[in-house]
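What follows is a short report on a single structure.
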Amino acid sequence: MTTVFILISLVFGAYLVAVIEDWALTGRFRLTAPVFSALALLGRESVLPRKLDRVFFEVAPVLLLLSAVLAVAVVPLSPDLIITDLATGALFINAALVYVLVALLMAGWGPDGAYAMIGGWRFLGQLIAYAMLIVMPLTAVVMRAESMLTTEIVVSQAGLWNIVYQPVGFVLFFIAAMALAFLPPFDLPTSKGDLAGGVEAEYSGVRLAVFRLGRLVLIITLAAATVIFYLGGWQGPWLPPWAWSAIKILVVTAVMLLGGRMLPRIREAHLLSWCWIFGIPLALLNIFLVGVLVLVFP
Amino acid sequence: MITGARLGTLTGFRRLIASAMSHDLNVFLVPGPDIARAQGLDIESSGLQPVASPRHANVLLVMGPVTPALQEATAVIYAQMVRPRSLFVLGAQDLSSLPAADVEAELSQQGLIEGVNRLRRVFSESAFRPSISDFDVPILQIRIEYTCSMHPEIVQDEPGSCPRCGMFLIPREVQSMAEHRHMNHQKINTDAEIPVTFTHNHGDHQHDASMEYTCPMHPDVVQNEPGSCPRCGMNLEPRESQTESDHDHHHMDHADQGNMNMDHDDMGFMSMIDVTKDLPRSEDGLPMEWIDAPFGPFFPGLPGGLLLLLTLDGDAVARSETHCLSENTELVQSPSMEPPNFIERLTCVNPLSPIAYRLLACRALEHAAGIDISAETARARIGALERERIASHLGWLALFAQQTGFDWLMRRAASLQLKFLTAEFQQIKVLKPSVLALIKRLQQTPLLKSRTANIGQLMADIVSYGPVARAAGIDNDARNDDKICVALGFTAVKQIRNDVLARLQVRLDEITHTLMLIEAADAVVVPVSNTVGKISSSGEARVETPRGMAHLQLTLENGQVMTAQLDAPSTYHLNLINPMIDQQELGDALMAVNSLDLSPWEVLQ
Amino acid sequence: MTPLEQYGLLLGMLVGTIGLILCLYALARQVGKNHSEPGKDVPATSGQLSRDPVWVRYHARYYGYALLFLSFDMEMAFMYPWAIVYKQVGLVALLDMGVFLAILFLGLLYGWSQGALRRQ
Amino acid sequence: MTAQTFFIGFFGVAAVWFGIVVFRTFSMVRSALALLFSQTALGAMFLSMQVEFLGVLQIMMMATEMTIMAIFMVMFMMDPGGLGKMDMTHQKRLSLAVGIVSFVAAVAVAVFIDWGPLASTAPDAAQQTVDLGLELLGRSMLIFETAGITILTSMIAAIAVAIQPLKRNDKS
């Protein structure tokens, strides 16, 4: 029963992400725009490029949606509102979200087009930059919670949220999460200016609808992950737990979508060198600091 | 009635989808969003959503001048759009290679809004139709030609085995038109060391046919008489020689071997070392294969009408070729033109800065006729020219922001540009604080300096004009020797870094300076042509257009303009592209090309 | 729920999502068939017809980072079990992982000094 | 029990099938991603054998590493798109024989060796990770540190081989 409820709230969340993104892009708050564009995409032809790799081209959007939906399985909206409370919850979110890269590589290599291929291999370079900055801050979060159960992680933040306990970890995780969801300023694989749409340029019709639905669910999943790891999940003074979760997730989604518009796209060379030369030492420092804090104030 | 409808009767569910489509109009702009903004069209507010790829679009909006070469590219874009698709034409155009326009409207914001409403009705009524007709145009036709992977110069029209090495030929699809008409159009490549032979359309380059002998496996082994190859001993094949230092780049033939089953055993094991021995090595010493990717006339990150054929080594540019598909033909069409028609003709040469060219024509005619105009009208004309400079720089900012994915700046700059295009003198005073706020906010944007610093460096000793030259420290502004400008307190703006950041900074400073200039000129009137008597003499004029100094010379025969010769800055800036983007990362290369603020329209044949 | 039931539920979600997508495809096919026309299935490169295949040996410039990433990825496998028992074990765990991370940080420094951490 | 064995068998067969696809396909990227999905099937097999941490770790780490293998395969092997349909297999008889011999040896090891008493119930997932952590910090601390050293040597060796020595001037 909880599974059905969470999946429905996931679809509703994806709809809200579409509304917020449309509002950020066009400046008009139209509640019906995502519904019309979804129906329109359904009604359009879905063209297959000439010399494509059929398996890759078909599997890529499906895999993108799958990896986002599976990552939601371990997200607790309230103490008992979680689909599967896995013992290795934090690791499972990361494991599911790695297949976003596999999906984009397939979407890049499949259609045999110059723009798509360059976009695909660019996203592999982007993964090499952000992957470590997701894993190491998560280790610090798990250290404080002494377990990888996502419910344990939320409960461990009862006194002090992790955003206050380990701010460096939060900043690194947030940047890496935006890079994972290829949101601007990290939209290297699907950049309009460099690659005319890059990886998603060759998709049309219902396959494009699945690709875009996968991206929306991915954004809401990453926002939910940021909330449960750093913003104290469902904890909050007056409102019921699920309400707090919903508010926090929407706030984080809005910050992710609106914040990126204010910056030019980052160069891939800069993204890689900054993440490796400044990001990883900072992450190691964060683990060391949390290690000391956990020992000093039990 | 839309010609690009989809097959199917308009039943209940399809009617719902058709009405959804009428609310979700994604538009692909031809010749480009910068031209739309320059002509005062606000696309977003009219309800159309611009998209980057023809696959995502269901409306093709054609506005602004479309030259024959651009019509071919427009036909390609229309063919690649997904049904149900529609063609929306603004302003009278003779689009021969496209089907009849579904919705026609006059070229103005009012026409655009009224056209969009008609488009919505058309979509919801006839998105699906029981009978549809194919869209077929000569450029889309393909013919299969057979070529050998080892000898790209062997081209036959029917399958068979290669006369030289015996391997059977692989099919390749090539455009059926004999050669790409625009390919050997004004081909600008100053790439000195390797004369570029565009590998995928062999055969159509006429070269002197002196015989030479080369080895199939090692093209760099070249002799004048038959014999065996010093390296691998295979006997050398006769081949009519192309230009002497040309080594025919085999990079593409390994990839498109088609379904030729090259089994390992019979050919002797060919290790990767042999295969990549003669490939050019990139900076880090890896001999990789290069792909030819066109960044065509309608690329969302480049000015509309500019075609950049890049040979990419991974995501870095190995070689580049620039073509202007939008350049105009002769200025004076019929044997002679009336002065007013000539002024109109020159105004619509470059849709990006019409007033500058109108002023150029007026000044040239007045210089020929010897009329001098009152200080009052001269000041008002300068006010109009400066207003257009601000609008042009804001338009460039919007295109720069679109290329670098800087969404907030694109929307702000575009809306300000549209306001400035038709702003009267009072409105300019009102708009001034918002422009200055935009500039201040832009200069504080994090990541912008690191994104644009030392990218697109130009060599010091090259000819350049306008903001590009001023960013390199060379001050060749035509306004310096214009008495009225100097009287209004004009001072040139200069930088030294000579990279994209410097060009951005120069244009921002110029916007602030021109605002003060307009206030000093305190009048903005579009230059109007005055009557030129029946005289016959020659005149010439210089005007500092937003992109640099344009120079016009014309000759008059008893009141008729006989010949005119325009010298525009973009013709020189086209030659800067190749050396600037060599070995640059793709994103940096496109941003550097953008920073030159090219207008392909003013490049005359 | 026992762990096995949880994995079963995950598999169920996976199959359910694939089923939903197949229904969407069936619905789209019911609306209309693809109408193949000349030039429509050529990869869209902004106004040009580029028919040559691009599956060539792509020159990725980040292989310096990729090599270091493989090693750091292995290291991460050790860090999770350590992180779980860290509070229990206390100072020994901190020193132990300190040594481990210092060794790997040495590798990172070596890579940086040899110029691996740049666009090759 | 039967459902668990069914899934172990199913994912095992899937892993083997993807392994076969690795060699039967012509495109390099396809074979790299086939290997990736064979590792994922292996991870799913671990999960169905109630070894959660190892299974999830396998699913996660193999994805990134196989994609990096994919880019290196595309960079250094001829005709990565598989357009030339070159038959990459060679010494077919020898490899067939080696395959059969090793399969028989594996089955023999699995069947005939005495694995000790059958554990009634496996510890639950969270406990397994805690035990692994304690094991790392306790008895096999030495193995943990030597693993660190081997990872360091692999880093240094990879960089020494692959990266061009820096020209003195641009030590950015």
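Each chain gets a letter, A, B, C and D, in the order it is written, and its residues are counted from 1.
Convention: contacts are C-beta pairs under 8 Å (C-beta built on N, C-alpha and C of every residue); 3 or more make two chains touch, one makes a residue touch a chain.
Predicted, not measured: the structure shown is a model, and the values here were computed from it.
Asker: Consider the two chain pairs A-D and B-D; indicate the one with the greater count of contacting C-beta pairs.
Answerer: When A-D is set beside B-D, the one with more contacts is A-D.
Asker: Quick one: report the Å distance separating chain B from chain D, using the average Cα coordinate of each chain.
Answerer: Distance between chain centres, rounded to whole Å: 49 Å.
Asker: As a quick test, compute the distance in whole Å between the mean CA positions of chain A and chain D.
Answerer: About 26 Å, centre to centre.
Asker: In whole angstrom, how far does the Cα centroid of chain B sit from the Cα centroid of chain C?
Answerer: Computed from C-alpha means, the inter-chain centre distance equals 36 Å.
Asker: Report the inter-centroid distance (CA atoms only) between chain C and chain D in whole Å.
Answerer: 15
Asker: What parts of chain A, by residue number, touch at least two of the other chains?
Answerer: 42-43, 45-47, 86-88, 91, 109, 112, 114-115, 117, 121, 124, 128, 131, 147-148, 196, 201-202, 205, 268-269
Asker: Note the residues in chain C that touch 2 or more other chains, in rising order.
Answerer: In chain C, 3, 7, 31-32, 35, 40, 42, 44-46, 50-51, 53-61, 66, 68-69, 73, 76, 80, 83-86, 88, 93, 108, 118-120 touch at least two other chains.
Asker: Which residues does chain D have that touch at least 2 chains other than itself?
Answerer: 27, 52-53, 57, 64, 68, 71, 75-79, 81, 83, 124-125, 129, 164
Asker: Drawing the touching chains as a network, do you get a line, a ring, a star, a complete graph or other?
Answerer: complete
Asker: Going by the contact rule set out above, which residues of chain C touch chain A in the complex?
Answerer: 1, 3, 6-7, 9-10, 13-14, 17-18, 21, 24-25, 27-28, 31-32, 34-35, 40-46, 50-51, 53-55, 58, 60-62, 65-66, 68-69, 72-73, 76, 79-80, 83-88, 90-91, 93-94, 97-98, 101, 105, 108, 112, 117-119
Asker: Quick check on the complex: what are the chain B residues that touch chain A?
Answerer: Touch list, chain B to chain A: 6, 14, 16-18, 20-21, 23-24, 44, 49, 51-53, 55-56, 58, 82-84, 127, 291, 293, 299-301, 312, 314-315, 401-408, 411, 445-448, 450-451, 585-588, 590.
Asker: Can you list the chain D residues touching chain B in their complex?
Answerer: Chain D residues touching chain B: 75-79, 81, 83-88, 90, 164.
Asker: What residues on chain D touch chain C, complex-wise?
Answerer: 3-4, 27, 47-48, 50, 52-53, 57, 61, 64-65, 68, 71-72, 74-83, 124-125, 129-130, 132-134, 136-137, 141, 144-145, 147-149, 151-152, 154-156, 158-160, 162-166, 171-172
Asker: Across the complex, what residues on chain B touch chain D?
Answerer: Checking each residue of chain B against chain D gives 149, 254-265, 272, 275, 284-286, 288.
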